Every structure is written in C-alpha cells, then in structure tokens.
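The next part holds the structures, each set out as structure tokens.
Below are two complexes that have chain A in common, paired first with chain B and then with chain C.
== the complex of A and B ==
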C-alpha cells in the first residue's frame, strides 16, 4: 500500500509544484540524465552479476555438453552426457531418493509450521517464543547435522535410549537404508520448522482482525472461520513458502555430507551430493555440469507447477 | 433459557482447556527447538568414557573440561587418547579468524554494493531499469551448485584456490536477495528531502551517502545481520575452495574434525565441545540482536 502511494505521489507533486520556475524543466529532463549515474551505481553489482552468475550459467550449460576432467581443455561431445545420465542407475536412484526426501521434509515441515503458526497466533506472540523457535534455523546445517548425529546415535544416543526404555527396538537412524532419508528429512524439518512457522505467522498477522470479529458476531464456529477466512487469505503466503522451501529442500547437501556421505550404499546419495561427487571427487566436470543442468530444470519445473496449480500470484480477496 | 445460561460457562471452560492445550503444544515446540542444545552442552562437559554408562542422566557424566582442552589442542596426544579422543583437534583460533574475515568481508561488500545497485533500481530513472532488475532477480532461482562448478574453475584458473580472496570473490559484489530487500525500502522512502537536496545542487553520490543510507540504517543493519549469519553458516563453497588450514572456516573444520573421529567409538564429548564453540558466535549475536532478527522474518525477509 505505502509503496504505491509513495510512488504515485511523486508525479502529482511534480505536476503541481511547477512554481519555482527552474524545477519544471529539470524534472522533465531527469528520466534521461539518470542513466550515467545509474551505470556508476550499478557497476559493482553488475560486475558480480556478469562474472559470477551470468557467465558461469552459460559456461555451465556449455560444459554439460563436454567431457572435461579439469586438466586439459573441455572436449565437445554433444548430448552424450545426457544420454549417459538417462541410463545411469545412480542418477535415477539420486532422483528417487531426493524426491522421497523432499516429500517427507516438506509435508512434515509445512504441516507442523502451519499448526504452530496458528497456535502462536492464538495464544503466544512473545518475541522469546518466536526467538526460541528460530534458533535451530540460525545454526549452520553442519551443526544441526552433528547435533543429531549424536542424539540419534545407535548405541548411546538419548533418542535411542528413550526408545529402548519404552521397550521398542533401537533404530539405526543413519546406518539403516530404510531410515537414512527419513532421518535427513527429520533433521532438516527440525531446523526449518520454526522459521517456516514464523513466515506463516507473519502472514496470519496481516489478516485484518475485523474479519474475525464479524465472523464471531455472525456466530461462526472456529472451524468455519478457519476454512472461510484464514485459509483463503493465507493461501498465497503458504504457496510462496512452499515454492521457497521446496526449492531449498531439493538442494539438500550439508547434512548428508557431514553424516552419511550418501550411504549406507546409495540410500542417501541425494542429487546435489551426487553432483558434488561426480564433479569434485571424480573430476568429471562435464557430467557433473549436465547433472546440475538437470537439477536446475527440475527446480524451475517444480516452481512453475506450484505457481500454476496453487495459483500463488492470485489472491482470494475479490 | 437454562441451557443457554449454563452453556456459557461450559463453553468458556472448554476454551480455557483449548488455550491450555495450545500453550502446551507451543511449549513442546520450544522444548524441541532448544533442549537439543542443552544436550550438546551436557555432553561437552562430560568425560567421554563415562557417557556410555551414564547415558540418560540430565547432568554431565563425570563433569570435566577435558573435551574443550582436546578441541583447543591443549592436551598432549596421550592425554587425549586416554580420555577417548582421537588426537584430532580444531585449530579453533585460526578457523575463527578465517570465518570472521570471510563473513565480515563478504557481508560488507555485498551489502554496500547491493545498496548502491538498489539505489539505481529504485531512486533513479533510466531505460531498461525493470528489465535489468528482473534479470538480477532471476538469479535467485538459479541453484547455487549450477554456478558453483564454473565458479570453481574460474577461481582455480585465477590461481586463487585456497586463498581468502578466492573464497570471498563470488559473494563480494552483490547478492540478488540483498538488492531485492533494499530496493523495497528505498522505494518507500519519501522523496521530499532528496528533491530538496537536489535543488540545492547536491549530486547523487552525496544524496546516497548523506540521505539514503542514513535513512535506511535500520533495514541495512538487519540485512547485514542476516547476511553475516548466512555467511557464517556457509559450507558448500568454502568446502570447495578453502579446504586448507590457512583459510578453512569453522563449518568445514567441524566436518573434518568429525571425519577424523573413529567410526566405532567417536569422541562424542570432544565432538560436541567443537560443535558448541563453533555455534557460540552466532549464539552471542542472537542474544544481542535476537529481537531484530526475529522481527525481520516476514515476507520481506524470505530467503
């Protein structure tokens, strides 16, 4: 709101403020004369953009069509990398494992965060509570990984001790193929839950209070209020949260690199870890680049589908 | 009528129960977020050999500071082995120095140059402004690993592998998020002062430094804080480019320390001491600026 009024007010003031003679031609001339100044102000950022974003993007795409082991020069091999990837069981495994990870992580995290945000909106808005919930997110992934590596240890980790005390069999959270991915998903859910809840909470705060008052006067039940007011108005926020968290989730790397390193066998060899291994451990930069292109395309597609089907850029307020 | 009057207290009682339940769940979430850190502290103050037999006691098992001594390299290898360590240590002060330089330099550069660009994208009029801004914004969608591979080659060809310069360069000039974040604030600033200064003949550079930057001090501080914490926690790029002791940052050092820990019987108390001291700087920042950080998490703060 403030943005539009502030911007809208400018031409109006200019039109009316032609009083002090010289201001009028100056104001009219300004649109052109700013270009050189703008070039100066934008130069450092432009340098960074071109050298570290634009050129590498093009170079990455080019490398994906080459065979390149860092030494020597890249050799053009057309789509051979992509053809090899299509038949690479490790790639399909990585894609499947990553998808499983994203599904568990996002479903759990979003559900918990939504619930938490609604609870906070009702009973607890204190900075202390919000800060405590945010703490895990402020810690490095590496720290979250090590912390849970200890808490979930098979022999003497506190979680397995509790499981044991309840008379259930201990779980090899990191060593068991079935558990490797859910464990990674749980660690990252723990780290992101509070942050996501705060984002949704901010969205809830933006819903006009008087809508709830009116609904209350009309005798609407809490469930009705939730379905007819909260959900529709919150939907764009949740879609944005989903787009951002899903993209982030697909790029899981740090926690895997520190704990299981893709194992046991291939159970947690997620896409980004596989790319890292191909490019840096095996010095196969062409293949690694092709995998990175595929990851990029997957992310773009997922974001597009989410925006399209969840109508993220439309509001229900009409 | 009687049912109606008796229904009111019943309903409010139910609401109270509901409130209590809601509170309980919030407290549970807070506990799940915070208690693991207590367990790290408790473990780091325990002696490693006592951990197994005393696994679930809330207080440290056989309280001592040996783990911290090990991590800082204050124990001899024999002492360290005797207490269940691996002989591995963290060159904490060197890694801390590297992390501070890496985070501070990238934050200062990115925030300053991004604010310049944001000024051009919000307060100046020039053709192609929105197209260029969209292009910058689009880079937010590019997964970092996609550009990390070619950037690694560039840094390698420049001979900057395992140098601090090679580590900071890609972050130094801008982050798309910083430009986006600051542009929002600059757009909302009143033009009046700026135009008055312009009539007085002030040049853009003076307006930028003397009017725009001071007026945006609060959002710039928030952005710097968020950027700093993000850089402090960065793992992937420093792992690729700075994997030698002289430039290694804490996250990478922690990973190395963990990988040196014996597989079967890790030095848990040493590992947790190392984890905690690596987390300490951010914890301190959080204690000092928690409110600012918490309040920044809204939709302008989405990352």
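== the complex of A and C ==
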C-alpha cells in the first residue's frame, strides 16, 4: 500500500508540468489507475460494510443511550439502560444460558469436526461422502430447527416413539428446563459440524506431506504424529474455526425462535433472543440496543482472548 | 481534484434524493380522508387462513361495487404478523387496512399508527349499535377516538370427544351442567378425573390409578395462558369475581396477587400433578387440538374460532358444552373481538376507510357468516352464522349462550401488553409446570404493576 502511493506520487508531480498528451501520462496514469481499480473492487464490499454494519452499529450504540420505541423519537437517557441491565435478572440468566449453549455446542462441534476432518483426510476420499457431510449445513437454520422440533416432539416425534417402544420414559426435549439448551446445542452441532470439518480439512491439506513421511521414518506412532505434528500445525486453522464458531454460537437465535421461544420459563432465553424480545416484541429498542452493545463487547473480548492466548495469527510452519 | 468534485456532486445528489424521500413520506403520513378520491389498489392483511376465503369473497364483492378500488389481501401467520406489521409501520410498507387485536392496538394508537375513524363513522352514518354489545366500544382508545370497526367476536366453550365420554358413561347433559370451584374442582374435576385413563385402563378416580403412565388425559393443555389465560383458565377465574385489572378497558393495576386468583391457578396446576392434564413440558410442539384428535385428551377448553378445526377431524365425534358454572353460580367466558383498523400512513385513506367500513358492514359480515368460520360482530350476521353452523351439523349454542345470558367479560385491554406478557409468560409457566407455587405470582404482579408506575 505505502509503496504504491509513494511510487505513484513522484511521477505525478513530475508530470504536472508536461500536461496531457505527452509521453509522460502513461507512466503517471498506471499507478493511479491501480488504486482506482482497487477501490472499484473494494467499493461493493465497503458499501455493504458501511451501510449494513458500520452505520447501524453506530446508530445502535447511540440508541443504547436512549429510550426508543421505534415508532416515536429516541429520547436521550444516558446510561440508564446499562444501569437497568446490570440489575436485570433476565440479562444475567440470558448470559448464563448462552454460555451453557456455547460450551456444549463448541466443545462437541469442534471435537466431532476434527474427527470428521481426519476421516475425510485419511479414509473417506470420495467426494460424494465429503460433500454429503455438508448437507445439513446447506439447510436453512430454521428448517433444520423445525425438522428436529418435529422429530423430537414429545407426543408425535419419531425419536420419542422409539424411546417409548424401548420401554423408556419419553423425554420432553424442548419442554423440559434441563433439556432445552442441550437439545438446541446438539441440533446446531449436527448442522454445523460438516462445515467446520471442511475448514479443518482444508487446514489438514495445507500441512506438508513430507513432515509425515519423516515422522514415519522416525518410527512415530499415528497418535504421536497427530499430537506432535498435526495438532500444532493445525492450530491457526483451529483458532480461526473457534473464533468464528464461538462468535456464531453466541448469536444463536433462529433455533430458539422457532422452537422454545425462550421457554420453558427462562431456560432457553439466550441473549440474542432476549434482545429480540425486548426490541421487537416489547418495542424497547433502547434497552435492546444496550443489550446488543453488551453482546458486541463480550464477543470482541472473547475473540481477542482467543487470538491472544491461542496465538491464532502465527503459524509453526515457518 | 476531479474525484473530489464528483464526490461532492454525489453527496449533493444523495442529499437531494433523501430530501425528496422525506418529503414524499411526509406527504404519505399527512394525508387525511378529505378531498382525495377513493380509488387505486389497497392492501389488506389478516392472520387466520381459515377466514381467507370469506374475506377474499368480501374483497371481490367490494371491487364489484367499487370498480375503482382493488383490494390485495395478504394472509400471514400469527407468529410473524405483528413483527412484520411493526416493521411495515417503520418502513412505510404497512397494509392500508388490517385485522387488529385488542392486545395490540393500544400501543399502535398511542404511537400514532392508526387512523381515527370518528369522522368517517359520522360522515358515512355508520351505526355502531348494530354490533354485539360492547364490541364497538372496545375499539375506542384511551384518547376517546375510534380506531377500529368490529369484525367478529369469540367466546370459550368445552370441546369433548363423545366416544370417550360415552365410554366413561358421562352424558351430554352432564357435560352441559358441570360446576366448578377452586377448592375441590366440583363436578368439573370429577368428570375430568373419571375421563382420565392410565395405560392399564384404570380411570383417574379409581384406586390404583397410575398418574405417571397416563394414556388419555381428562383435560387437554394448550399452554400456561400467560397473563390472560383466554382459553386456559379465564373461564374459571371469571366465575370467582376476580378480574385481570382494576378496570377494563385501560386498567393500570393488575390483580395476579389476589388470593382468589392464586387459588384458582393452584387448582389448575394441580390437575397436571394429579395426572388428569398433561404436564406443561410435554405440550411444547404438537398442538392441543391435534392431540385431542389423536384421542389423547377428552375435554379441550378452546375458543369459537376453533370450531371448524375441532369439528373437521375425520372420525372424531365432537361435542360442545358450555364452560362450567362457578362459585358465583354463573358461567364465564372471555369476550374478545377483532376489528379492522386503518393505518395512519396509508397513501389512499379514502379508499382504505371505505373498505374498512365495508368489512364492518352487514354486506361483508353476512358473507363471513355464510362460511361458518367465526361469529361476525353484527348481531344479525352473528345469528346467520349460528344458522350456517347448524346447517353444517354443529350446534354452537354453548358459545352464543354466554353472550345471550350476559356471562361474558371483556378481554383485558391495557397499555404495555407486550411487556406484561414478557413478565407473565415465564411466571405462569413456572406455576403451571409445578416449579413454583401460585403465590410466586405476587412477585410477578409487582413487576407488572411497576410498569405502570413510571
């Protein structure tokens, strides 16, 4: 970036005396048009970022200091929303419930995805099998949630009918306070693990084959190879996967919205659903925005900690 | 330099465009019914798919009578209806006319989203006394302005599976003469217990009944009822002299801390505990009506808008009985009514008002009556609906008798309904699922009332 502009600046100044039409403009124009072309390509993404992320985020931050019911005008109330949130038992409940969801979802999903990736790498070379692992991910979140909502239904779900047929008591997967969050975490694990596995699989393929050959020659066992070569070299990919999936997991919403809607009682009232409830159902956009800002800060902190302690921006390959 | 100039130009153009948009939208929301001709295409929304054919017929007839106006109807399920509508208000894409609910309209009226219909009602000589008693008044806001014209009403009754009551030896006349009280549940609980059957074939009132292995529940459970309990428990609490709020409409103090109310709810929750009603946790998902059709429950308390669904199940012989008489010696049913409202931001207020008036007229409500799906708001149309139901072989007297005998009470209309629901839903879930005692509702009540003390 810096070199391009520096190089571009010099001929431009030199050319300023010669005027258009002379031989110099060729030298002048090229570097400049590089920048323009670059801007041209960045523009759509930039526009999307500014219009759909930056502006709404700044507006959200502003709204979090207001009382606003979306149909009226925002009224500045300073930090009152934040003070109320600190004392709001439903917020702390949401934080706890969300954390439970993230832990179950991420631990299971990452472990299963790693296993699947290794299998794809070593055993399942068929593109068909590799592709079919992605199938759940190709399904819309809402559809996946509804599908399982139906399969796991207490009365008519096939899973509960199987459980019943085995002589075991039926399980209220969505209606029971203890089951609601694990059930939803498992549904999303099912949906996302193929995709996560694909990311890890790509990381596996980037590990140079000769390292394994050397390890093989040295008589390392498969487990040793995995622990000493695969895992360390896969770390940057795992960190990327973790950062992305943890952020996504914290924002769980659709599954809750189409199944339990926060219930039973408050057992699945995750942060994102609570934000939606306060903002869109109860028309309290100021409060909802403040909750969203807090979620944003939490996610930024979590991502930062992950990057810092897992050294996600370095690789051991060099 | 050159690029900067274009940048400025672009900004200027954007600003001009924005100004134009603002000016246009200002035009839109400022329009009144005066002066402008009633023509063009207007949009109409409703949520009940069962009623779509009836209202499509109304829209077609309206178009025939007013060839200049076309009505485009959109049906959207209840779950998405309200958030889409609110978004539409903000984005300027809300329908010109829409089906409105008593729990929702106070907030819309307060935020200026509804067109007051007083002038239109006066100018067009709409007779609001033609509607069933009280229905038109429900739609007069706290500010004294009219925000909707009544389209229908509903009450609560008991649907029951005649084959299962017959097998238990419970007669139709017994079903119609049930009594209830919060202490021992009266003959209502006795019937519910007797109709419950466990997997070994033992009835709920027989020794050796296994409440952990119930095959058929005496009473079905829809949900905890949140703060209103419209179909779940309001037909019981209404017979104890208890009311949801200090006054209705526009109550500002809720009464969930009343011992009378808590005793009724404690009795209701005890049915699950005794094995006579499914546990709340098992009702997430499959609808109560569908499990009724599958023969898993015998009695279902539900609203008149469900008549079509309950009587439509193949091979299920359904009886309808009025709700039980309570401690005050009378029956009780919540009386709810929907109306059509006009959006304040409509670009075609004259056409929109005209259509809303048409929907509120006998011309349309007779069409709705003939389809036998709901009870229209107009008295004469309502009677026609009763006849139409009868022609289909359904005796809907249990629903209409509550109105005729004046045993109905109005749906509680209050401001901040969504916030009240946000507090009461989890609180009531906890009590009905047996996780909290009914006395815990006092704390929720304090929370609810603090909403109105600000």
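Please note the rule applied: the second predicted complex is superposed on the first by the 263 of 318 C-alpha atoms of A that agree within 3 Å, B and C clash if a C-alpha of one lies under 4 Å from a C-alpha of the other, contacts with A are read in each partner's own complex, and residues count from 1 in each chain.
Please note the rule applied: a residue touches a chain if its C-beta (ideal position, glycine included) is under 8 Å from a C-beta of that chain, and two chains touch if they have at least 3 such contacts.
Because the structure is a prediction, the values reported are computed rather than measured.
Novice: Is the number of chain A residues in contact higher for chain B or for chain C?
Specialist: The partner with more contacted residues on chain A is B.
Novice: Once chain A of both complexes is superposed, is A:69 in touch with chain B (first), chain C (second), both, or neither?
Specialist: Touch partner of A:69: chain C, not chain B.
Novice: Which of the two partners, first being chain B and second being chain C, lies in contact with A:280: first, second, both, or neither?
Specialist: Touch partners of A:280: chain B and chain C.
Novice: In the superposed arrangement, does A:155 touch chain B (first), chain C (second), both or neither?
Specialist: both
Novice: Given the touch rule stated above, what does A:263 touch, chain B (first), chain C (second), both, or neither?
Specialist: Second partner only, chain C.
Novice: Counting only touches as set out at the top, which of chain B and chain C does A:45 meet: first, second, both, neither?
Specialist: So A:45 only meets chain B here.
Novice: Report for A:242: first if it touches chain B alone, second if chain C alone, otherwise both or neither.
Specialist: It touches nothing on chain B or chain C.
Novice: Identify the partner contact of A:35: answer first if only chain B is touched, second if only chain C is, both if each is, neither if none is.
Specialist: So A:35 only meets chain B here.
Novice: Once chain A of both complexes is superposed, is A:140 in touch with chain B (first), chain C (second), both, or neither?
Specialist: In the superposition, A:140 contacts chain B only.
Novice: Mind working out whether A:300 is in touch with chain B, chain C, both or neither, as first, second, both or neither?
Specialist: first
Novice: Touching chain B in one complex and chain C in the other: list those residues of chain A.
Specialist: Touching chain B and chain C on chain A: residues 70, 149-150, 153, 155-156, 280.
Novice: Using the touch definition from the top, list the residues of chain A that touch chain B in their complex.
Specialist: Its residues touching chain B are 2-3, 6-7, 10, 20, 23, 30-31, 34-35, 37-38, 41-42, 44-49, 51-53, 55-57, 59-60, 63, 70, 112, 115-116, 119-120, 122-124, 127, 129-136, 138-143, 146-151, 153, 155-156, 158, 161-162, 165, 190, 193-195, 197-199, 202-203, 237, 240-241, 244, 247, 250-251, 253-254, 257-258, 272, 275-276, 279-280, 285, 288-289, 292-293, 295-296, 299-300, 303.
Novice: Which of the residues in chain A come into contact with chain C in the complex?
Specialist: 69-72, 149-150, 153-157, 170, 172, 174-177, 259-260, 262-266, 269, 277-278, 280-284
Novice: In their shared complex, at which residues does chain B touch chain A?
Specialist: Result: residues 19, 22-23, 25-26, 29-30, 32-34, 36-37, 39-40, 43, 51-52, 55-56, 113-114, 116-117, 119-121, 124-127, 129, 132, 135-136, 139, 141-147, 149-154, 156, 169-170, 172-174, 179, 184, 187-191, 199, 204, 208, 229, 232-236, 239-240, 251, 254-255, 258, 268, 271-272, 275, 278-279, 282, 286, 290-291, 293-295, 297-299, 302-303 of chain B touch chain A.
Novice: What does chain C use to touch chain A in their complex?
Specialist: Touching chain A from chain C are residues 83, 86, 89-90, 107, 111-113, 279-286, 290-291, 294, 296, 418-419, 421-422, 425-426, 429-430, 433, 435.
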